[in-house]
Amino acid sequence: MHNISTTSSFIGFDQEYDTSPVVLVGIPFDGTTSFRPGTRFAPAVVRPDSYGLETYSPYLDLDMEDYNLCDLGDIELPFGNTTKALNTIYKTFAQIIKDGKRPLTIGGEHLVSLPIIEAFSKIYPDLCIIHFDAHTDLREDYMGESLSHASVIRRAWDILGDNRIFQFGIRSGTKVEFDWAKSHTYLQPFNLDSLEEIIIQLQNRPVYITIDLDVLDPSIFPGTGTPEPGGIDFNTLIFAIKQFTKLNHIVGADVVELSPHYDISGVSTATCCKVIREMSLLLSHKQ
Amino acid sequence: MHNISTTSSFIGFDQEYDTSPVVLVGIPFDGTTSFRPGTRFAPAVVRPDSYGLETYSPYLDLDMEDYNLCDLGDIELPFGNTTKALNTIYKTFAQIIKDGKRPLTIGGEHLVSLPIIEAFSKIYPDLCIIHFDAHTDLREDYMGESLSHASVIRRAWDILGDNRIFQFGIRSGTKVEFDWAKSHTYLQPFNLDSLEEIIIQLQNRPVYITIDLDVLDPSIFPGTGTPEPGGIDFNTLIFAIKQFTKLNHIVGADVVELSPHYDISGVSTATCCKVIREMSLLLSHKQ
Amino acid sequence: MHNISTTSSFIGFDQEYDTSPVVLVGIPFDGTTSFRPGTRFAPAVVRPDSYGLETYSPYLDLDMEDYNLCDLGDIELPFGNTTKALNTIYKTFAQIIKDGKRPLTIGGEHLVSLPIIEAFSKIYPDLCIIHFDAHTDLREDYMGESLSHASVIRRAWDILGDNRIFQFGIRSGTKVEFDWAKSHTYLQPFNLDSLEEIIIQLQNRPVYITIDLDVLDPSIFPGTGTPEPGGIDFNTLIFAIKQFTKLNHIVGADVVELSPHYDISGVSTATCCKVIREMSLLLSHKQ
Amino acid sequence: MHNISTTSSFIGFDQEYDTSPVVLVGIPFDGTTSFRPGTRFAPAVVRPDSYGLETYSPYLDLDMEDYNLCDLGDIELPFGNTTKALNTIYKTFAQIIKDGKRPLTIGGEHLVSLPIIEAFSKIYPDLCIIHFDAHTDLREDYMGESLSHASVIRRAWDILGDNRIFQFGIRSGTKVEFDWAKSHTYLQPFNLDSLEEIIIQLQNRPVYITIDLDVLDPSIFPGTGTPEPGGIDFNTLIFAIKQFTKLNHIVGADVVELSPHYDISGVSTATCCKVIREMSLLLSHKQ
Amino acid sequence: MHNISTTSSFIGFDQEYDTSPVVLVGIPFDGTTSFRPGTRFAPAVVRPDSYGLETYSPYLDLDMEDYNLCDLGDIELPFGNTTKALNTIYKTFAQIIKDGKRPLTIGGEHLVSLPIIEAFSKIYPDLCIIHFDAHTDLREDYMGESLSHASVIRRAWDILGDNRIFQFGIRSGTKVEFDWAKSHTYLQPFNLDSLEEIIIQLQNRPVYITIDLDVLDPSIFPGTGTPEPGGIDFNTLIFAIKQFTKLNHIVGADVVELSPHYDISGVSTATCCKVIREMSLLLSHKQ
Amino acid sequence: MHNISTTSSFIGFDQEYDTSPVVLVGIPFDGTTSFRPGTRFAPAVVRPDSYGLETYSPYLDLDMEDYNLCDLGDIELPFGNTTKALNTIYKTFAQIIKDGKRPLTIGGEHLVSLPIIEAFSKIYPDLCIIHFDAHTDLREDYMGESLSHASVIRRAWDILGDNRIFQFGIRSGTKVEFDWAKSHTYLQPFNLDSLEEIIIQLQNRPVYITIDLDVLDPSIFPGTGTPEPGGIDFNTLIFAIKQFTKLNHIVGADVVELSPHYDISGVSTATCCKVIREMSLLLSHKQ
């Protein structure tokens, strides 16, 4: 039928899986969120709203139309069973990685990064993580649970060990977490000031990038479960993404913690969409 | 990729065009809306929210899974040019009708019904219209424009003439419109009290059903441009749809005027979804 | 300048003060509201939103354009000084009454009715009050204050005495208030069932009508400070207004307690606008 | 310090545990919610908002101040581990029941009723359940999980067996669920029409009442995860509670599925508060 | 009537047309908006909300009370007919310009600037445009329409030609638009860095200023149809307006694209009001 | 009952009055608010939302758990009687000061600072005030009332006299107010640039700090009655609080003008909570 279309994919992600080196995956999971849930709706909301974007980025001077990008859709997950959900995510990404793709993930809560990192660590034993967040996410456990959005980076450390995790923009955590970080991760509090030097250090290593969007100030990103005033502004985040172009081996990335119902203006969703566009261009342009 | 799905269609509309006698079409148009625009977003919102529904209707005791239903997607329309938009809609529906389908349309504003009615009138010169609405929609023109949501039924009368249009639930209009209706349409004010007798009268005639959802009371349907307190309740509308099963020749139907941004609770969208489910079963079950 | 207009009046209220027997007055006061303030914004919101209405009422089969109606605007009031505010209101209405007008007031909180009733009581010592409300408003005092929205009808009784106040739709109050009402006012709990017989009784007496819109169910009127589920529906209220046409001497009326910010859908404001239209036609058509 | 108070309890629940036969318990759990989470916030929201209520009910002509009522506060639960959460709830209620209390619970999602019912079934092997809901909640499993809000009544049946569960107001479910109900529960679809006869039948049996507030129409209760138009109105629910006074042995009750963030008007919370008041008076007045 | 006022004008705009060199005009038009409509409500919302402002600007150290300012009200426009609407705007402004006024316009969508620019170009053939925006607005056409908010500056170029249009803050557009701009307009991407030098260049030329408020970051201005993170902050905009005082011949200005319903906090409207105050002082103080 | 808690206090304020040098007091008063009321709800909202915070501040490297902090609860106040309310506040704080406590107050509107300042001035005749605000608050009277949120600092000057009041961040007021400030207070417009030098000057004097949160930009703090774009950002406010650690004699502080209903995202409340945490640590750590 001419003149009719169903726009179910993210803008610019209009190619087939087989021919696309970069694939978008939604993970609508928020089962361990402690404060205000709702990140499970992020993938469903970003796709239609992405059509308010252009495919061209004036920041990177790159256009999504010049690359093969595939939107796989969302992973179907059970509710109320965290272990089973993480296992499903793990298997899906093991396959994607085996197929030689660079996955870009839309969460969901931050815990979804854990099985992705685990799947990558099997292929890249020397994997490093660049982590943008307002929160340390380094708890040994949270209210008795070891698998939680508040402990996701601690669990990633269980897999990767010391000197592999580089955290930026952190402005909230317990004293215990900040102290623990001193000997186990690199932690830049409040801002991204030292990002450039870390990027130089990681230039030729396999790097996975995990962006908890609450690293942004809640003025530009109110749509999240635990808003933390004092975050970085949008242009700082975009500039960081431009810096990432100096990394020679980015294996994948995720963008998590959009909770769209807390921002009825739609600004948070628009912000998330733009970060996804920039990250898709970053993952595409060079490799 | 197993475990992954992109749910871009309305729930239960999962078949191909060729094998489906009933097809769903979205028309995201609100170019002539006078008071509060936003109906263009209705199709994009009802599809993901439809997954809060079951495919089974306890009202009709029918299940969408027992029928072939196809969701065509949305018609792509230009903004700011009403004539061109109506022409595009007309051509699309002429083809759908020619293909022997019974189309179910999600608006958009009420004016989108006009080209559909026009297309049907070419095939069924004796077409009758059952019209549920809070407003008469019988203006000769509105602020100088003859093509407007406020004059859509008057324009349908230009095509069909007297004794073809049956209006129910009307509770707003100018005195001139109410007076004009006395000699040109059948108009039941405020409620659906006389619906049963009209249905008997139209039993074997070709009937098109147009439901402006603002016929419902704004308590259950606040998400619309011109809320009019004093409307019918949801069960009354469902009972009317059950009555429609006595009609032997329903050619198509539309459900218009959901403006989702005015109801952030999502209730209006849930209401619209349920009406679409019932109407799809009505169009499917018998013919 | 042709083609340009400033629509600062309520729809249909487009005549001068001198020639208008019915005048609209806004009183943006909510100084004693205990739970959720905001009724002070009602007058500013109903005027522009009234243009979503028609001037013709299909309920009363009357048109505002057939009557002389004047919108005086809002009374300017100090904040934080209840006594001074009430005094200003009193003086304004004493003048309006002296000029032979029938005032229709938009509140503001319910306490604004008190100085209006007081002003009328000087001219009509046998004044009766018909009072629609969810709440008794009969407290002797409220948190130590004798002038309060929760005691407005008790204060009116101080002026008028027994057998003058007729309350309908009441569904909230202390046990003390309900007990006190038994010997001092007529109180119909929950609904308007006995309205018709009271109207017959008051047919030739001077009657002031005060409608606290929270008498309506919060499903149709969520925009109020103290929502009380279980209220009457809109059509019941409209039917009551039709009943009022049997009263031969309505001296004035008010419509209070719209707090528009609590209902971002705009339905509460639309409901208030329609009640004002019907009340303006009631005050106009006969006398 | 005089003149200062911290009002952390529900209005009227101001007594100690030891002297109170009726106790209020909050369960902020929504870990298995499939569509829109947020019921975990209900207990935190109803307490401060309850101060918009009176302690006196004109419906039952009873006053909370005449009874000893204790607000225990909220149960602390882990996130992301359903089994552990249900176990914690079970133990807490086993103690409350052992102490001879009649607990009134505020959810949380509907699954929280399961461990309460289980705890009661140990003491009352002939326990019956009166269940108000929009949904059947009778799934064998939901997306592979047997413990879910969508299967809570099915799991209760696993404990209690046939002829013990009486469902009212049901208007959504799969065809399989409606068919299963025919031989295992009593199911009144759409409304409460047969409630009176069932109450007579259960008059002297131990009865637990579980009210999923989505049995109400979303016009008066939009603040819930899966709004289902076509529900009962508030006065019908209040009348049902009055009918419950004919039951001689109500052991406890719960009120679940308020999700306050979806209704920023506060009406849903006000509705929930009033239901809690009426239920607390029901549990108190006779036994 | 003393003590009563109808405040239908923007604060400080309280003089007559004949004596006011600066006049405020509202244009409630959003007929071509592609993403989220609603700018038509901006004029109706800014007037009452302007009373939250002072008339004195501490930025410019000027007070609106020291100047003659007239609020003309809103232009009445048909819906659904873009050509007719633009024609009406053109005629109105031709008259205002002929009367020697400096008009300050509140949109409405950005397309309303086109007929104003056209009217000025007849009097000032060497007219220059300073354009603040997030978007290039340079499309040859948009979905087949040449008259659209997305092509308004391209259409202005059709009238004015090369070297007349100076664009600032641009951060969104197609690659084609950015490329086209290189040879036809001056385009400063992302910020206002080069504004000062352009102002020197235009010091003695007739300049029209068009401010699409989405040049601001959506953190401070979420109430717009297409929010684009990464914009300038409010103080940067105010500083730019201070810079404008160096221009000797500003013929008029507009402030467009406020869509108030997308920001229920009212911050976007407050921001728009303050920009209007500063612009009215800029237009008044010198000439 | 184990596993159950009622969290009615602000996070970290879990000690008794007698052993706590720093006490938190809520004052839910907004009786004189001129534009948009609602600050009375702030204390009720910040307490439960504070549990989204950690007790540890990475800014000050201090933890609330290391100090004795007591949350007294809210002062009970009458509605509609400003004088009586201020008197009640005065008496309460006179007692708190007499007991040797350093009170930290959550408003309520800004007028609540007046009786606190008055109570302190009796003990410290040389008291100085550091005042953060968007508004001068220096009106002689406001709409005829001398006691008003718009004149609170002028009234404080009546008590304290010249050279005692230091105002920062001011960006709104009448010309008269700004002129008056030149000879009676220290007023730093727009920002906090000169704060450091003033702090040195006040190092050993008794200082009361009053923070009207609207000093913050409305991008991060939209939940206030009169949003004023152009404010300071959150990190600037935090840096100022760090500067305050150089003051040797801070007697108390308040944080006022959060109006939570205007920001349904919860960001304003989260911001207020974090300011309260930092201020409680400031008041605790040294003295």
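Just so it is clear, A, B, C, D, E and F label the chains in written order, and each chain counts residues from 1 on its own.
We take it that a residue touches a chain if its C-beta (ideal position, glycine included) is under 8 Å from a C-beta of that chain, and two chains touch if they have at least 3 such contacts.
According to UniProt, the chain labels map to these proteins: A, B, C, D, E, F = Agmatinase.
Keep in mind it's a predicted model, so treat the numbers as computed, not measured.
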Q) Which chains contact both chain B (Agmatinase) and chain E (Agmatinase)? A) A, C
Q. What is the touch distance from chain C (Agmatinase) to chain E (Agmatinase), in steps?
A. 1
Q) Hey, which chain ends up farthest from chain D (Agmatinase), C-alpha centres compared? A) E
Q) How many angstrom lie between the CA centroids of chain A (Agmatinase) and chain C (Agmatinase), rounded to a whole number? A) 55
Q | Centre-to-centre distance between chain B (Agmatinase) and chain A (Agmatinase) (centres being mean Cα positions), rounded to whole Å | A | 41
**Q.** chain C (Agmatinase), residues touching no fewer than two other chains
**A.** 36, 76, 217, 219-220, 262, 264
Q) Based on which chains are in contact, what kind of graph results: line, ring, star, complete or other? A) other
Q) Chain pairs in touch? A) A-B, A-D, A-E, A-F, B-C, B-D, B-E, C-D, C-E, C-F, D-F, E-F
Q) So in the complex, which bits of chain E (Agmatinase) are touching chain C (Agmatinase)? A) 1-9, 17, 25, 44, 48, 71-76, 88, 91-92, 95-96, 264
Q | chain D (Agmatinase) to chain A (Agmatinase) touching residues, read off their complex | A | 30-34, 36-38, 40-41, 76-82, 84, 142-145, 147-148, 261-262
Q) Okay, in this complex, where on chain D (Agmatinase) does chain C (Agmatinase) touch? A) 51-56, 58, 63, 217, 219-220, 233-235, 238, 264-267, 270-271, 274
Q. Hey, which residues of chain C (Agmatinase) end up touching chain D (Agmatinase) in the complex?
A. 35-36, 170-175, 178, 189-190, 217-220, 222-223, 226-230, 262-264
